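Two complexes follow with chain A in common, the first pairing it with chain B and the second with chain C.
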Partner chain A sequence: MRITQGCFSFLPDLTDEQISRQVQYCLEKGWAVNIEFTDDPHPRNNFWEMWGLPMFDLRDAAGVLMELTECRKVYGDRYIRLSAFDSSHGWESVRLSFIVNRPKDEPGFRLDRHEVAGRNIRYTTMPYAADRPEGRRYGGS
Partner chain B sequence: MPQNDLMARSIPTSRRAPQEETSMNQHSMTVRGKDRYKSGVMEYKKMGYWEPDYEPKDTDIIALFRVTPQDGVDPIEASAAVAGESSTATWTVVWTDRLTAAEKYRAKCYRVDPVPNSPGQYFAYIAYDLDLFENGSIANLSASIIGNVFGFKPLKALRLEDMRLPVAYVKTFQGPATGIVVERERMDKFGRPLLGATVKPKLGLSGRNYGRVVYEALKGGLDFTKDDENINSQPFMHWRERFLYCMEAVNKAQAASGEIKGTYLNVTAGTMEDMYERAEFAKELGSVIIMIDLVIGYTAIQSMAKWARRNDMILHLHRAGHSTYTRQRSHGVSFRVIAKWMRLAGVDHIHAGTVVGKLEGDPATTRGYYDVCREDFNPMRLEHGVFFDQHWASLNRLMPVASGGIHAGQMHQLLDHLGEDVILQFGGGTIGHPMGIQAGATANRVALEAMILARNEGRDYLHEGPEILAKAAATCTPLKSALEVWKDVTFNYESTDMPDYVPTPSVAM
Partner chain C sequence: MSMAAVAHDVSEAAPTNKIDLRREFNEVGIGEVLDQLDRELIGLKPVKTRIREIASLLLIERIRKRMNLTSDVPTLHMSFTGNPGTGKTTVALRIASILHKLGFVRRGQVVSVTRDELVGQYIGHTAPKTKEILKKAMGGVLFIDEAYYLHRPDNERDYGQEAIEILLQVMESQREDLVVILAGYGDRMDKFFASNPGFRSRIAHHIDFPDYTDDELLAIAERMLRDINYKFSPDAREAFIRYIGLRKVQPLFSNARSIRNALDRIRLRQANRLVADLDSVLTADDIISLEASDVFASRVFLKASSGA
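Moving on to the complex of A and B:
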């Protein structure tokens, strides 16, 4: 399967040049871009690990691409996403977020059904990869 | 005053304006002192409801009416009558006014302008003191402003065009239960419009069949599916069946995609008790969103908004029935007023037009509605039908929904007209796809992502739209086939509701 979180998951994986243009768009809006990675892609796992702080005051997308290259060297077997934060009043939240790196194999999720009263079912979504400890989920060391 | 008194009253011929037009906005005609309270009938404009020198206070509520007086009726008198009958007046002088601070409570018409290019119609600006209204109650606000005057005999027609709601009043409302920012955070979706579809056919599917459509559409790439306005609890599908199968579909699609998904479970019912029961069940099942119809009424909407805030639920509003009073230009209530009331009332989604789809919607007017939903401050923009500066004082933003006759091939136009904070709902455009519902959903999602990517890259996506779509379709058969099937579908009809002011080009400095 292919996890379709983020803004561009239905398109073919973006090239670095395409990523760079999206980053430039964010920087021109005055948003701070952040690199985050995880090996727990549960849809409600909001807090992926941060690769450093959001890059405030950056002008050139090349800075983000450099960091992304470094991040991929260490965590290339995991999901990596870029998120852009807008600090302006009334937003103060993420304005764009998209995946820029995926594990080679994405096993996806198991849906557990727990039957309760009436016809009601309690559902739990479990990433198959999360059966293993963090750091060893996608063939990592 | 009882409705009958109002209906029985007419303006005597002797009071009608002379043949020549009264010059607009002349000085006050208010009778003062003892004479004001002599028993009998007095013109509204002399009773203190026409005060052209009045400067509205920052805390006043201002209403703009389009007044069409009967032939021969003085437009100033007609407008003063609207002010009177929507505040303190009755058809005759009453001495009990003198027990009150009557001058404060009188609504004051302070300006009357002929409507451009519409002979016989006038814009009347009327200011109301804040003390005339109950805090946090759309029922009270609307009962005052539109409760009594729309059947008034001296008028041929009357339309409430816009309202300025003072911050002091805005702050007495909860506002959208969730708001755009929190909805996006909760759904984990940023930087693009959300995608939805209404399950079709509207009527007749069993719960199990209905859930099938939900699953296919969500798995294919939509963020939301939606019950239609009249899907409540009918013989072919009782509500619990629908809720149970829909949540199976949502959870299955969520696991299949790794994305948060939702389906608007319509909790509209005959009583509040039934609606609460349905909403509670939706919550118990883990739904992120419920929906209600506009026809349940303002108080019920506010109650559900409070419930939604308390229960971490997104609240979708289907504007069922609004066209009965919003569509005609001369009579009724403009949708921009309804949008303002609904932002106060506290819904999170509202259908606000598509411009390009099958339902009514002039581009400039629709833009005005979207601004009312999404901005923290709306400057006066007559060319969009927005007559007042409106501050929302950080009240949550309300997500507009575009639904009705739209398809993937219009993605560039939709993004251009409606922007990014909107829900695009492709019902037929998903379910009617020749390769199936999943393919229909995928076509829409790919078209959308390709367009956002191009826009962010700085391309002229509006003009290069067809090219951008064609390129995306080269690697996506479902999109290719959607573009082929619906390539010629457009809905080009004359709008019935457009702004009265058109911008004239000015010389750039």
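Moving on to the complex of A and C:
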């Protein structure tokens, strides 16, 4: 199951050139771009690992692409996303966020139904991949 | 390089596709930048010639690209060598705008750094620091002043080497993303290149900045004064010519920078002279002209007379 999160999620995966154009758009708006990765893609998992610090004061997308290439080399089997932060109103807030890398094989989510009192049902979604320990979820070493 | 000759080659290679070189030249607007360079920078003949050559090459390269004549992206990394105050930094700023006009760097910003900004203080600090600077310079020009400080031959565990390796790698693999300019004093740069052959071979343009002649220094002084709305009185001009002659042979002379400092001190003395007499009525002319006495009060003359 192809996971969709953030911007452009219903489009096919962006090519590097398209990514670079999006990043350039962010930089021209004065936003700082950050790279994050995770192998726990649950939609409620807000805490992805940061790949270095957000990149401030960049002028050209080539700098971000350089870091993205590095990140893919190390974590090519995980989800990687770019987020752009706008600080113009006094604090940093996310303006744009999109996935730029995904594992080859995405097993998807299992839906658990938990029957509770009074015929009520509670639902839980669990990524199948999360059964394995972190770092080995998507065929990584 | 003869521009006409190169244009001839291009038209032979693709006879169906005629290019109006003059229109192309005007369109890019580098003529203006080059003229400005000629106008605003005094002297520096070899530098200007070299920049003109590079600009011509880039113009032709641009046309070739449009005609689908494939060729490599030319290597644009440069090294500027010359004595202190010969205009290396100033020229680097101009180069960035020329490259930007020609479309060889996308943004045209100049990131000017020295060893401090590239090299870290402890293990693992250098690589992120260097990379951060490189990322900021992407799409523009990275100007490394006094580049030889990156290499400390007396300490083989110095972190400078790490910065050099990252720089070399990016200079090679991302040639179309950024242009690196190294600058420094001639003899020390030679030593630096001798111990880092990788740098020498990755830099296509080695430009040597000559020292200024006395006349050029005077012209520079007058231009500096004009820019800040001052002028020499005729006597002061004569005095300043003598000042240049004397200052040049003294130690620690750094060309245009020494001239600028001298002018700053002369302005100081002029202000002091004017303020000394609070009852006088000043005209605009009094305020903008520097007198011979302001120049002669310099300790350069003192030393010259005591030494003689």
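Just so we're on the same page, the second predicted complex is superposed on the first by the 138 of 141 C-alpha atoms of A that agree within 3 Å, B and C clash if a C-alpha of one lies under 4 Å from a C-alpha of the other, contacts with A are read in each partner's own complex, and residues count from 1 in each chain.
In this section, contacts are C-beta pairs under 8 Å (C-beta built on N, C-alpha and C of every residue); 3 or more make two chains touch, one makes a residue touch a chain.
The shown structure was predicted, so the numbers you read here are calculated from the model rather than taken from an experiment.
Peer 1: Looking at the overlay on chain A, is there a clash between chain B and chain C, or do the two fit?
Peer 2: They fit: once the shared chain is superposed, the two partners occupy separate space.
Peer 1: Classify the contacts of A:A117 with the two partner chains as first (chain B alone), second (chain C alone), both, or neither.
Peer 2: Once the two structures are laid over each other on A, A:A117 reaches no partner at all.
Peer 1: For A:G52, using the defined touch cut-off, is the partner it touches chain B, chain C, both, or neither? Pick first, second, both or neither.
Peer 2: The second partner, chain C, only.
Peer 1: Looking at A:A62, would you say it contacts chain B, chain C, both, or neither? Reply first, second, both or neither.
Peer 2: Touch partner of A:A62: chain C, not chain B.
Peer 1: Considering only C-alpha centres, what angle arises at chain A between the directions to chain B and chain C, nearest 10 degrees?
Peer 2: Superposed on A, the angle at chain A reads 100 degrees.
Peer 1: Please name the chain, chain B or chain C, that touches the greater number of residues in chain A.
Peer 2: Per-residue touch count on chain A favours B.
Peer 1: Look across chain B and chain C in the superposition and give the shortest C-alpha distance you find, in Å.
Peer 2: 16
Peer 1: For the complex, which residues does chain B have touching chain A?
Peer 2: These residues of chain B touch chain A: 181, 184-185, 188, 190-192, 221, 240, 244, 247-248, 251-252, 254-260, 284-286, 376, 394, 397, 442, 445-446, 449-450, 452-453, 456-458, 472, 475.
Peer 1: Please name which positions on chain C make contact with chain A in the complex.
Peer 2: Per the touch definition, chain C meets chain A at residues 106-107, 109, 128, 131-132, 134-136, 138-140, 170, 174, 177-178.
Peer 1: In the complex formed with chain C, which residues of chain A make contact?
Peer 2: Going by the criterion above, the answer is residues 52, 55, 57-64, 66-67.
Peer 1: Provide the residue numbers of chain A that touch chain B in the complex, in ascending order.
Peer 2: Per the touch definition, chain A meets chain B at residues 1, 3-5, 7-12, 14, 18, 21-22, 25, 41-44, 46, 83-84, 89-98, 108-111, 119-123, 125, 127.
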